[in-house]
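Reading through the structure tokens given below for one structure.
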Amino acid sequence: MEVVHSIRPIAAILVSVSIIPILISCGKDRPNFREAWTFVAGVLKFLIIVSMVPGVMHGVLYTFNIVHLGPGLDIGFKVDGLGLTFALVASFLWIVTSLYSIGYMRGLDEHSQTRFYSFFASSLCSTIGVAFAANLITLYLFYELLSLSTYPLVVHHQDPEAKISGRKYLIYILTTSIGLVLPAMIICYHLGHTLDFRPGGILMGTGGKTILTILFFMFLFGFAKSAIMPLHSWLPAAMVAPTPVSALLHAVAVVKVGVFSIIRIFTGIYGISLLKSLHLGTAAAYISAFTILVGSLIAMSQDELKRRLAFSTISQLSYIILGISLLTPKGMIGGIIHIVMHAFGKITLFFGAGAIFVATGQKYISKMKGLGKKMPITFLAFFIGSLSVIGLPPTGGFYSKWYLVLGCIDAHKISLLIILLISSFLNALYFLPIVFKGFFSKEDDDVDVSKYKEAPLCCIIPMIITATISVLLFFYQGIFYKLISIGLKL
Amino acid sequence: MIDNHVFPILIVITPLVCAFFVMGLYWVDKRLCLPLTILAISISFISSIITLYSVLTSGTIQYKLGGWPPPIGIEYRIDLLNGVILVIISFISLFNLFTSFNQVSHDFPEKKGTFYSLYLLFTTGLLGVVITGDLFNLYVLLEITSLSAYAQIALGDKKRAPFASLNYIFIGVIGASFYLLGVGYIYMMTGSLNMGDVAHLIHNLHHSQAIFVAFIFCIVGVWIKMALFPLHIWLPNAYTYAPTASGRIIAPLMTKVMVYVMIRLMYSVFGIDYLFNTLHISQSIIYLSSAAVLFGGIMALSQDNLKKMFTYIIISEIGYMVGGAWLGNKTGLTGAILHIINDVFMTFALFLSAGNFAWRIKDLSIHNLEDIFQKMPWTSTGFVVVALSIIGIPPTCGFFSKWYLILGAIEAKQYLFIIALILSSLLNIILFFRVFEKSLFSSKPHVMESKETRSYNLIEEAPANMTIGLLVIGAILILIGLYSGKIVSNLILPFIPKGL
Amino acid sequence: MKKVALIVVILCGAILIHATSEFPKWGEINSPASLHVSPYYIKYSVEQTDVPNIVTSVLADYRGFDTMFETTVIFCAGLACFLLLRIFNDKEEETESIFYRHIPSGIIIEFKNHEVDIRDEDFELIDSKFVPYDLIIKTVCRILIPFIQIFALYVVAHGDFSPGGGFQGGVILGASIILLAISFNLKTAIEKISEKTLGVLSAIGVFIYAGIGCLCLILKGHFLDYGKLAKILPIDPVKARAIGMLGVEIGVAITVMAVMIIIYINIASQGKHQEGL
Amino acid sequence: MELLIKEIIGKYNYWLYIILMMIGLYAIIAKNNLIKKLVGMNIFQTAIILFYISIGYKKGGTLPIIEIPHGHHTISPESIDISKYINPLPHVLMLTAIVVSVATFGVALAIALKIYKEYNTLEEDEIRMRLRGK
């Protein structure tokens, strides 16, 4: 493998924070200028990341070291297949979301928009930082920065409800990261004398069985952004944030940072063989299977659309962890590619929810009867998103589910296979009725549907883009497959 | 070439001599007081940098005062540890002058000169305590420091400061006297007052009860002065009601210098062998410091006044350093020393931000801080950075010292201390986000972005020197964090005594 | 609180007394304390510094650096008292009346207005707090004070050869002024030696000390290495040490005197410098 | 028994000073009146000073002022009998300690005066009560 020292990883990370001063200086007096800059930064970031794709495909490893902190401790970046996959998705969706947030925030005449865009940009910076982190300490650094920069976004509305949710968010995320990940990381350093992600892991043959098992669970639950039960309830609470935040951060960036961190722990810190020998993969698989089922069940009972989506996210995230913890090549590819597929599917759904809210002010599913006739594009996109999340062709979601199922069979875990199938069924059960009601149900008498029309163009276009890509991914997923295979060294 | 060996003495002598000049000038021309003070501390700062540089290049420096060889006369002995701390003290003292001269003219319009004189004496005392290699000289300088601190604190809040200061005197005198008594016992048994000499003589007395008692009294005396729980009762009130300009320098430096004294006594006088092989008290001291860490955090949580909250944070941080120093391994001591460096800056920045807030809001209760982010955006930015550092979020420096402390505790298998450290971080999160929630997001009804509201959000920052000062310190916090690897490997690890 | 205090006290006492069991007996000639460093002082003091009073030579030379800071402590205390207590604008308490005594007749006149300032031979300002007017005390003190001051100077100057030195002399000197303030009144003392003089003197005293040290530094010696003064004085280095010590002692005496008086007038008059004990 | 008596005779001075010290310490902690506390503080410090001074004592020793024989200007180090002169170092140290304690006392008095002006009392519990009442 060729190692190239390159400035591109750090450039990709910093490009979004570097515009924050510009955003602040534009302020609310020149909103067009401000949003144009956000857009420019997004495109720039995406291009930088894309520019690394060919290299990585040919086995190049881009690295960049900032500082050396001590023996085995650096703050540095490394672009491999896994990180690049994640970064590609996140940075592309940022562009789309930027467009969407212009429509959403202006449509609702929200306050403190400059603050919103600034923290959004810094969240993205942290997300890419996590994706490119070369070692656990860098990952932890950006993980924490992400928690902090999303906090103001969650509390954006500044009403008591938002504040309580903000508190919940912080307590869950920071308590677990400081209380579990930090000590686990230090113990890990104590055992392995390094924190670099290495293909075979760094903990092989370093500690006793008990300590490694405890450490594993500290990591698994410590990265609470992955919303494994019982540490999931911050995610529904965080839905008080404006929809672009929910869409990009709480369906893509933040939660997937949690999952991605766990993937790094699996592949870079523990290593497959160690996990196999300690039977930790199975344990993690069953924990995530539990989350999948319970998450889906709770989702069915939610009437508020965003909360339903949140619980769906909780359960879908555990698909990824399940796939990874199968420890078979197909399962792992399925898990990681689900990051991509779910991202496009779920963001479409959130965009849809936001568009409905902008256009009608409706949050509750029970009051959306008949809206589909007035907002056909929105509901069509919503339908495609649902298909992708359920895992039905012709959407990308099918592809990842397929690999997950194959992985289960390879690992001889039929019980997990059954759970997967049940969950898919449940997914269909809680998503399709929304679309069905939207198109075919007769509207309630007390809701006057006739005055509604489609959301602004800025909201519609992103939705169309993501929905289209969801479909396209069914046909063209090869690039991600290849990147992930390279990342996993398969 | 100038003889390098002039600089160690210049560090202490310049502020001292200038203190007399400032006092004299006060009667002649009051305007000259501040420039002279700045000049004095600048010279001291530059000298300490040169001294540190020569320590780095040529090892420990010895300076014989009066030309007498060590056990006979007093000596200055500068190794890496105190070299670094000297630089930090003089830097903070100098920096504080820039950030607070307008505060001083505001608080003491008529007594400005005498105030600066006292300020210089305080700095001299701290520098002298750190630089000296003589047990009794340390006591004398400690008393100069304390005396000027008592006086500065008593000048604060008219109603409460004198009482707080008097309590500080009583407890401070007990602390200093305990230390003096301990030194008396050491002198009784060894006949020497020079640290190096005593360390040498004490080797044969490891099982002496009198040396044990001497040790206990020295350490307890130092603990009282550094406000280790449960000997902390004087600290919160004294630091809360001190005048802003003095509180800013007393709070960060006084306690940290005492931690330095403790480390110096432990490792340069009594020695590792005595501490960890002869005595078996390190376990209980770590329990004590864990208790201090938690107590500080919990008490901070129950405070309504911002400044008082900060004072309890200091108490909690003291626990970190004492615990780290007593872990008895390389990593723990590294963490403790790194934390001294970091904590000086963190506490300084905390009190700077408190001072900036106080410039606009007289009563620093938390509920008065509503909307402060809008009114004072720059100060608030600095405040957020400090808060993150105290919580221990990378890449701020607080994270890295905590890292070493926890790593040291794992190596020493002190799980209680680890739990205390982590719980304290969590407490700090609650502590600061309680403030942020109040100050960042007003609970006023959904203010729409429109023209009418613009006049509403008028920015009312503190004076530029204060604000910029805070931001500079905030940047330093991050820089120290990023370069902590270099700091540890170049400045701290070479000091760590062999055998740990 | 009392019980806690009792426990603390008993605990400390027990630990301290317990440790005395290892002490050498009182007055033991061969105790470690008298064998390690102190014999050097006793033996070489005269040879190296030409000062037979070893306490002085250790105080001002061997450990002269300590003593400089000791003087600084005193200076610091004076500064602190001034800073804490001195009130410049005493307009808040304007209602207080002032009393003047007409000396020939002994009649006391009360003025309600604060602005009154009689500067007449026949009148004198007296304290509203009770100060007895006693001719005998006044006269005796007037006679005694010069002698006290001369004695103080003797103590300072003769510190090298007999018990005495800067601190002792300075305290006596300060006491003479305080005696003046007590036997006459505060105003008289302040007229003799004004606040400004005291402030400057207290700084000058320590400055003499530190200045001599710096002079040694400039003469390419160590700080306070009086031997180097021989380069500018027509004497040998050993004698120069004795001279250096004398200079230092004078500095100490000046500071101690000034600070004693500063502390006294500030505390006695509560910082107003109007009237007091 | 004989040993004990020997011990007492040999060390009684230290014990006395320690007892004196503890009286002072007790007063600082337990007394309610601030001036009494100050007095306790002074007793405490004085006891330590006495303790130090007694370290320096040598049986049969005299003041540490070298007697130069008449007619001579100086005296050679060899001819000085160390045991004849008491240890000067503790005296020097205590001169410093006295000064420090006086200075502290002065500042403490000044602060006490300030407190008295503010509250018109020096009883600690009363001051605390007023602070709480506020």
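Read from first to last, the chains carry the letters A, B, C and D; within each, the first residue is number 1.
Heads up, the rule we're going with is that a contact is a pair of C-beta atoms (placed from the backbone, for glycine too) under 8 Å apart; a residue touches a chain by one contact, two chains touch by 3 or more.
Because the structure is predicted, anything quoted here is derived from the model rather than measured.
Visitor: Which chain is in the middle, if each chain's centre is the mean of its C-alpha atoms?
Guide: That would be B.
Visitor: If you average the CA atoms of chain B and of chain C, how many Å lie between those two points?
Guide: Here chain B and chain C have centroids separated by 32 Å.
Visitor: Would you mind pulling out the distance in Å between where the CA atoms of chain A average out and where those of chain D do?
Guide: 71
Visitor: What is the distance in Å between the mean C-alpha positions of chain A and chain C?
Guide: Taking the mean C-alpha position of each chain, the two centres sit 75 Å apart.
Visitor: If you average the Cα atoms of chain B and of chain D to get two centres, how far apart are those centres in Å?
Guide: The computed centroid separation for chain B versus chain D comes out at 30 Å.
Visitor: I need the residues of chain B touching at least two other chains; which ones are they?
Guide: As it turns out, chain B has residues touching two or more other chains at 136, 140, 143, 147, 150-151, 154, 181, 187-188, 193.
Visitor: At least two partner chains per residue is the criterion; list those residues in chain C.
Guide: 16, 20-21, 23, 31, 33-34, 37-38, 41, 63, 66, 70, 73, 76-77, 80, 84 - these are the residues of chain C that touch more than one other chain.
Visitor: Provide the full list of chain pairs in touch.
Guide: A-B, B-C, B-D, C-D
Visitor: Using the touch definition from the top, list the residues of chain C that touch chain D in their complex.
Guide: Touch list, chain C to chain D: 1-2, 4-6, 8-10, 12-13, 16-17, 20-21, 23, 25-29, 31, 33-34, 37-39, 41-47, 50, 52-55, 58-59, 63, 66-67, 70-71, 73-74, 76-78, 80-81, 84-85, 161-163, 167, 263, 266-267, 270.
Visitor: So in the complex, which bits of chain A are touching chain B?
Guide: Within the complex, chain A touches chain B at residues 28, 66-70, 73, 75, 109-113, 137, 140-141, 144-145, 148, 151-152, 155, 157-160, 162-163, 166-167, 170-171, 174-175, 178-179, 182-183, 186-187, 189-190.
Visitor: For chain B, which residues are in contact with chain A within the complex?
Guide: Residues 388, 391-395, 400, 402-403, 406-407, 410-411, 418, 422-423, 425-426, 429-430, 433, 437, 440-444, 446-449, 482-486, 488-489 of chain B touch chain A in their complex.
Visitor: Of all residues in chain B, which touch chain C in the complex?
Guide: On the chain B side, the touching residues are 6, 9, 13, 16-17, 19-21, 23-24, 26-27, 63-68, 71-74, 108, 110-111, 114-115, 117-118, 121, 124, 128, 134, 136-137, 140-141, 143-144, 147-148, 150-151, 154-155, 181, 185, 187-193, 201, 208-210, 212-214, 216.
Visitor: What residues of chain D sit close enough to touch chain B in their complex?
Guide: 21, 25, 28, 34, 37, 41, 44-45, 48, 51-52, 55, 89-90, 93, 96-97, 100, 103-104, 107-108, 110-112, 114-115, 118, 127, 131, 134
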